[in-house]
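Structures are listed in the sections that come next.
Okay, so chain A shows up in both of these, paired with chain B first and chain C after.
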Partner chain A sequence: MVEIKNHLENDIFTIFVIGEVDASSSIYLDESISEATKKHKKIMVNCQQLEYISSAGLGVFMSYINDLEDKGISLVIYGLSDKVKHVFQILGLDQLLKITVSEDEAKRMVNGIQV
Partner chain B sequence: MEYKYKVSCSKSKLGDVREFLNKVLNENAIPEVTVNSLVLAVDEICANLIIHSHNCNPDEHIDLRVKVEKPNGITFFITDKGEGFNIANYEEPLLSDIVRQKRKGGMGLMLVKRIMDEIEFTSDRKKNVYRFHKNI
Partner chain C sequence: MLRQQNIIRLGVIMAIISWLVTLGSMYLTRFAQIHSGPMETYQFFSKVFLVIFIISIYLFYRNTTGNQGGFNITDLLWRVFVTGMVATIVSLTSNFLLNLLRNNELSNNPYFIDTIYHINTGLITTFLIATFSVWKRLILYQKTKWLVRFWNIFEYGLLGSAFIFFINTQLLTTPWIIGMSLLTLLGLVLGVNLKWVAYLNFKQKWKSILLILLIGLYIGYFFIILNRYGDNNAIIPTFNVLSLGIIGELFIFTFGYCVYSILVILFNLPTTSVFEQKLVEVVNFQKLSQSRNTGQNEEQVFYTLLDSSVSVTLANAAWLDIMNEQGQPMQTLYRQITSQERKEVLKCIEKSGMKPIQSSVPARHGKQNRFVAELRHDSFKSIVVIPLFIQDQYVASIALLKDVNEGFSREMIEIIRTFINQASISIENHRLLMEAIVNERYKEELKIAKRVQEGLMPKALHTNCDLEISTFSKAAAEVGGDYFDTYKISDECLAIIVGDVSGKGTSAAFHMSQMKGIFHSLVQLNLPIHEFIIKANNALSECLDRTSFITIAYFIIDSEKKTFRFSRAGHCPTLYYSSQENQVKFLEDNGLGLGILRDRQFDSYVEVNEISYQTGDILVLYTDGITEAKNSKNEEFGYERLKWLLEEKANLEAHDIKEAIVQGLYDFCGSHVIDDDVTLLIIKVK
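After this line comes the complex of A and B, so read on.
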């Protein structure tokens, strides 16, 4: 199961993804990113407590790549554990999505500052 | 060592499948990143079968068998009844098409192909067997 929490600080909207995102729970991640992209231009996805992700979860992130670009929204994923990061790397998705390590780096990236 | 697990065709059971696999693989001292990718590959196959072959019907089931043969590797046998899918002939989509079409699905079997060293599908009138092997 996955738990999603949100936090808004200044103009940065952060989505906390906690637990496991698989074929049964990816819908919750999808709904939260969909909602966030309607209202916010700067979105960070905190994955420090993301224990597992399957292709269903990866697919959610991939399906927004074009929309983010069209709407000028910056979305940065951060705090992946080694094993979860490896899942993004298997298909090279880490090259297509904005992924970084720390919250500070994520803030700089979401604000458009080169890290 | 051989381990067996029977799973009802409901997406909500995927967590139980992963728990079983994690336990088996951790018992055999496999590195964490490898454990996670093997669990992922089997989860992807089960999710595909549950959703596409069994229409999430909890009255139907899939059988898993894990054979750990150190130092050769680990073999996973996934068996079900019904319409089989020859994964060995699966042609994968391009990532650029997935992005362009805003598709949320389509990457599961790509992951399986990257993670496993051997993929085999056999089918007769009674059952389909999906065999995956990982060298360790």
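After this line comes the complex of A and C, so read on.
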């Protein structure tokens, strides 16, 4: 089960993904990112409390890669646990998505400041 | 024990013989009287046989009167009535004959009078006993232990009284009178058992009154006739059957019960309709219950509910709204009302400023879930509306109308409630049944899908002389998204693929079959690995839905050059055991899952590597179903455990390594079910 919360500060829209994202709950993540990409240019995904993500969940992130580029949206994922990060790495998503550790760093990245 | 049929026959024969013997004894007594001879012996004989006659008749009726489980009350009464009629006709005819022959010598012949009298007594006794047997049936209509006991006392007492004369011919002694009075009293007390009256409908009650009235008249008439014979001294007093206690008792009892019955039936007439109404309720209730078993569809159940409710409440009109899933009226069934009138009624309710019907019903529980109101309408004066819920879903509402004020009592509403509950159960069952049928069909479809997918898995793995390969694959559901296959490109080169489709179940299975198609199309072209991966990605980009991707590990094993050439497209890193280094490591080269980038950008992420192998080297290809399998403590099996297992078992044959890893995996998970597809390939160099 997954719980998704949103938070808007200045122009940065943050999505909190809490719990486990599996085949059935990945729909909520998809909806939430889809909504965010319609309205916001700067999106951060807080995964500090994301315990598990299945391939279907990864598919959600994957499906926005082209979209983000086309619309010029900056999306940063941060706070991944080692285990979850490994899942991203195996699939190769770490090469395509902006993934970082801390919130501050994520903020800098989303604002377009290279670290 | 004598069979019942034999007892009946015996009764008839005994009755005829004893009747004839009694008649003979009477003649002999008469003869003795005329010739002043001793007649006590003949008198005694005639009495003995009269008692035998009575008992024979009694045995006959005891075994023929409504012994079957069910009997019709009016039929029984009708039989008694006919017996009485026959007796009356014979009696009237004989009297008429006597009158006709008044001046004839024959009418003064004592033998002739004795004969006529004896015929009369025979028939009257038969009639009385027939009546008695039927009354017994009616009194014991609803038996209780005590009722049967008291009845037996009465019946045996009555029979006993027939034998009294053997002891003492002097009738009017005090104990005799007391005994007979007690017996009479017991008979009259037992006579208050008139429960059968309640089960007659209106018509049957009238019929019964008429029949019992006539039976009563017969009894009265017979009593008068017998008395007249006695008074006229035409017969020898000892032959007077009225002097037998049992006959007197029978007269009192049968007549008394006639009076009771007529009075009780008369007083019951006004309430008959209530009883009949209750019966209608029961029948309707049964109808609704049965509709559950006969698998009627919803509309039929609604119709039954509507008709049942109308008939039990005697409503003048009714309608039933069937709601759709949003609780809005979808269809209306009408009974004795037009849709125009229905609109008028609804308008009336609105005008009168009452809460509209809809808003007063949604609560399933609680007393407010009904709507009762008086109407100012030309044809209808009162209305009751009750909703029907199934699993908290508002499914229908029934409205009943009457042309009088306050037409619906609380009892009626309660009964409709029970009907509605029953109908809910019927409909719910019907829905569940339909769901079950649909589910069953899905299951069948899935079984077919499973068979089809099993057909997609390689039946025999290609191999070459250098390798031994062992595999294990198990889908979490009927169908899964894991894929593995081999293809012999040339004598030296063997292609091996392991793939995993994102997601699970049916959607994954569809993509898996696409992967198989792509693999077999491309592998035949003998493309370099790099190109194979790119082309596979291009092809899948056109096939996969937006959020799906496939990870693969692709190997070409060259037995001539003794090399593994491989590429990892986002798949779990292959585990490799090098026998030379005696070391296990993951082949963590870079790569990207197929379908993640669906354009030329993908090309730059493809990486191909090569390892020279030696005897004893092992490749372990697998899917994340293994590494992500969890135990009850929510711990993952993980990469390390897999690595340890291989390190430990590296010297075994491929098949045994596979067995050890599968065993290790299931031991780790214990009772916790692995909820992902699991695939494992062990490739060992011989």
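Some notes on this structure:
Going forward, the second predicted complex is superposed on the first by the 115 of 115 C-alpha atoms of A that agree within 3 Å, B and C clash if a C-alpha of one lies under 4 Å from a C-alpha of the other, contacts with A are read in each partner's own complex, and residues count from 1 in each chain.
Please note the rule applied: a residue touches a chain if its C-beta (ideal position, glycine included) is under 8 Å from a C-beta of that chain, and two chains touch if they have at least 3 such contacts.
Note that the structure is predicted; figures quoted are calculated from it, not measured.
With the two structures aligned on chain A, chain B clashes with chain C.
When the two structures are aligned on the shared chain, A:L91 is found in touch with chain B and with chain C. Looking at the shared chain after the overlay, A:E105 reaches neither chain B nor chain C.
Ranked by how many residues of chain A each touches, chain B and chain C are led by B. Residue contacts after overlaying the shared chain place A:D30 against chain B and chain C alike. By the touch criterion stated above, A:A56 is placed in contact with chain B and with chain C alike. Looking at the shared chain after the overlay, A:I65 reaches both chain B and chain C. With both structures placed on the common chain, the touch criterion links A:M1 to chain B but leaves chain C unconnected.
In the superposition on the C-alpha atoms of chain A, the part of chain A touched by chain B in one complex and by chain C in the other spans residues 23, 26, 30, 54-56, 58-60, 62-63, 65-66, 83, 90-93, 96.
Partner chain B is touched in their complex by these residues of chain A: 1, 20, 22-24, 26, 30, 52, 54-56, 58-60, 62-67, 82-84, 86-87, 90-93, 96. Considering their complex, residues 11-12, 14-15, 18, 32-33, 35-37, 39-40, 43-44, 47, 50-51, 95, 98-100, 102-108, 110-111, 114-115 of chain B touch chain A. Contacts from chain C toward chain A in the complex involve residues 500-505, 546-549, 551, 569-573, 590-593, 595-599, 605, 624, 636. Looking at the complex, you find that chain A touches chain C at residues 23, 26, 30, 54-56, 58-60, 62-63, 65-66, 83, 90-93, 95-96.
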